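In the two complexes that follow, chain A is the common piece, with chain B as its partner first and chain C second.
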Partner chain A sequence: MNARCITVLKPGLETTVQELPGRIGYLEQGFPVSGPFDKWSFRQANLLAGNPRDTAALECQFLGPTLRFDCDATVAVTGADMRPKLDGEPAAMWRSLPVRAGQVLELAAAYSGARGYVAVSGGIDTPVVLGSRAVFHMARVGGQALARDQVLPLGPPPSGAGDILAVPEASRPPFSTDKTWQIEALAGPNDDWLDPASVEMFFSADWSVQAKSNRTGIRLSGPQFAFAGRALDKSSDHGQDPSNIIDHGYPLGAVNLAGQTPIILVNDAPSTGGFINPFTVASAAFWKLAQAKPGDVLRFRRIDREEAGRLRAALETVTSAGVAVRV
Partner chain B sequence: MLHDTLRFFPGGDRAVEVELGDGMDFTLNFTVHRLVAAVREAGIAAIEDIIPELASLQINYDPDRISYEDLTRAIAAIYEEMGSDVSGSLPSRLVTLPVCYFDEETTACIEDYRKTYPDKRFDPDLLCELNGLADRAALARRHSGTEYWVAALGFWPGLCSLLPLRPGSRITAPKYNPPRTWTPKGAVGIGGALCCVYPDRTPGGYQLIGRCPAPIYDGTQRLPAFRDSLALLRAGDRVRFRPVTAEECAWIDAEVAAGRYEHDVVEYQIFSVDRYLDWVKAHGEKA
Partner chain C sequence: MTIKTVEAMLPGVIYLSPSPDTPPFKAAGDRVAAGETVALVEVMKSFLPVEADSDGTFLGYSTETGSNIEPGEAVCRIEVAQ
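This part shows the complex of A and B:
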């Protein structure tokens, strides 16, 4: 039998290895946390492949890869619908797929959603860099996006693997069917730099996702912001533009305002910088940002910390082991 | 200027920004690092990451293990216990970085930007004008005539924010608007009152004055200075820039390419905050 591995026949569009919880403890040196953008789909893929839910797996963006299995394994495909095929035959998503050595899994362009996940029993066993296998492609930390003919080592198969499991439709992430997404967000840390009317405007306007969006940020188009006194009358150390602030930390999910362009800072975003963050997306809603396509509309719903906690608890339930049931 | 008390600003459900004051100066940044050290010392298990910055710090935490209210109360208590005196000594490495001022690569980068934005003043000329400096030689003298305090790292792996320690050595500049789409690796830039060295070819907004051929980030950890870390600098280090000619710069480039370059890092010095502040006072300027 061959060593447990996968060969990349076609890499897809910036397909990367991701792992949870990501690179923790290195933000102070400028390393982003990275990790899967849609944690909901990622964890369900791992559970279906028989892995602990945070195991290293592949994140595909817009156009998926073609992979050859060089050993028998259990694989699962979740997230964006990239019309997976196994040896040319349509293969089911959201359920365990037993594959034999030599079989080829082919993912196409995303039909709905933007990011697909491929988990394999045993997980992807690339080297751990600064505590994680998560790839920060732009700075080549933990590796880079997959390349043609690359061989990905797999970890030892989990014990008791081989059960055929499925995630019922009701427990899967509900993708938008009308190109609009409701995104739960909290005010702060710098909402006091905006005119109160602009804070209200943010939560009522339609925000369109720009094509120039990736794992570092989701750029939005929409109405213009007006600023509060704090932004207009400040010490020169902050910088000239009303949206400039003395360099500070950037929370994950922050809606960063550079000039008049809001950019939602996501997994590979800069750790710090000199622009204000008037709003922050609730952590349980990040997955929707991963699945929104360019041109889709985001509408932000203002919530408080308590509701963010309830959303986290709900997400925890649908990404825990019991969600994948035997079929 | 330090605020009377800490100001807390929630950043979603997993982060809080803790603001200590308003401004970019050594005293304020030193207090940020004292607070970060004290928070680490307290060992609050639910804290996942701390980012010290110029005048604030960000704490990422697990809200299912500690509430926002309990966390901010704990931080406020630590700050109160710590006291506000800026005093003490700490080990501080002195890193001397070579810089080739007004080199070909950064000049080409500025010219590339000016093709799209012809009104952009050439960076060194703009800096001279805004800071009352007679010419480029005076700009290079001002820039290389001080030690810098590594106030923070962030934005990109290994990217440092440097504050000049010598009174009267500040060079201030607006940032590019819009930002550059690329910056040469090793470019030395000025933005606001800060200096930085770009660790890699990245977008950027600081005005460019030269290039440092000694890497400050090495993802492959090939050079000896990166044995323990991918980033050369850490907060609390000091940096000095040594002007080099284009010829020496090319020689260093070759040494780096051959994997032989040894950074100039002095590790035995202790930085006395009290003596530093006395020295600043004697020079008649507030740090």
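This part shows the complex of A and C:
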């Protein structure tokens, strides 16, 4: 067989094909944007594999897959440390790995971080659904999580593929080593539904990541919120709980307050609903949400839109082609 | 006889009983068969079984229900007949 493809020997835990920019333009019909949760690691994996940075690649969550290459290819593994092995030998992360047809890449559990990325030269060539190959697993849009014995087609190898590149440590995402993550967030859109002291409390408290977190939402445990008058004394159209509001659109990264539980709405989140969103996480901080494990602590740092824009620009720079250097 | 440690295979929250109202999967002295579930790890709204990798006698858990666990951390000990 001459087709360029990969065979899934073990699927791992909800391993999916992801692509950038994601499924854009369907929020009003309820389709989330999906796409890789940690864009930083995802793009660097593609650059190391010789691909344009937004090419379809694999997102591995908590427990990685075992993959057999049915053709020669250049592969790269980034993100969470899942202790990759190639034919049983430890393989370097953040570096191009030339593989021969028949070789097996095995990822273990996430020893640091939560989500690993595997990019392959030519990209994963699964069908485009509503404009993207990004998988929304919960609704099976664009496919679903990998299954044992599944064959993943690859696209044609990019020109110039085969160079051995590496991302220097200074350009890689700086993973937390003490299980705490500083998350940049903005107040709003509904911060005026909280008591001002609770707005300050959000930015000073420790918030623990629950195991009930996934690509839909990062669910947090922490102190209780107090509400402002407009949340407590409102038209019944808004619903009964202080955190209820008449249904409205949810921004990506919204800290959605359902009763007393903050849930950060991420890549596969619903686009509308009836809870307030007092805060919004900056897009440049999403990669940290992707790499936080259950029990890790999030501390929110208040920033404004200008700083969010600067952080976003910095993330663009560090995920641009020049960051992967020849070795 | 040798003592084998069963390790968590992925990070998450560990549960030593099938549900909050039931006793732990195993108690000291119980027989354990390879492939039998001895605990659950919760991650991404899923509960994944931690399985014994050999037959033997259950000695005890090395962790507490509801605690955070990392891959490779000890879950329980099993005495295995050689």
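In this section, the second predicted complex is superposed on the first by the 326 of 327 C-alpha atoms of A that agree within 3 Å, B and C clash if a C-alpha of one lies under 4 Å from a C-alpha of the other, contacts with A are read in each partner's own complex, and residues count from 1 in each chain.
As a convention for this text, a contact is a pair of C-beta atoms (placed from the backbone, for glycine too) under 8 Å apart; a residue touches a chain by one contact, two chains touch by 3 or more.
Note that the structure is a prediction, hence the values are computed from the model and not measured.
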Contacts of A:Ala211 with chain B and chain C, given as first, second, both or neither: second
Touched partner set for A:Pro84, first chain B, second chain C, both or neither: neither
Which of chain B and chain C A:Gly123 touches, first, second, both or neither: neither
Touched partner set for A:Gly188, first chain B, second chain C, both or neither: first
Which of chain B and chain C A:Pro173 touches, first, second, both or neither: neither
Which superposed partner A:Pro270 touches (first chain B, second chain C, both, neither): first
Chain B or chain C, by number of chain A residues touched: B
Touching partner for A:Gln61 - first (chain B), second (chain C), both, neither: second
Interfacial residue positions of chain B with respect to chain A in the complex: 9-17, 19, 22-24, 48-58, 60, 63-64, 68, 152-159, 161, 172, 174-175, 177-178, 191-194, 199-200, 219, 229-231, 234-235
Complex contact set, residues of chain A against chain C: 13-14, 61-63, 108-111, 114, 211-215, 293-295
Complex contacts: residues of chain C adjacent to chain A: 9-13, 42-46, 48, 68, 70-72
Interface residues, chain A side, partner chain B - complex: 24-31, 33, 130, 136, 139-141, 185-186, 188-190, 234-241, 244, 246-254, 259, 270-274, 277, 280-283, 305, 308-309, 312
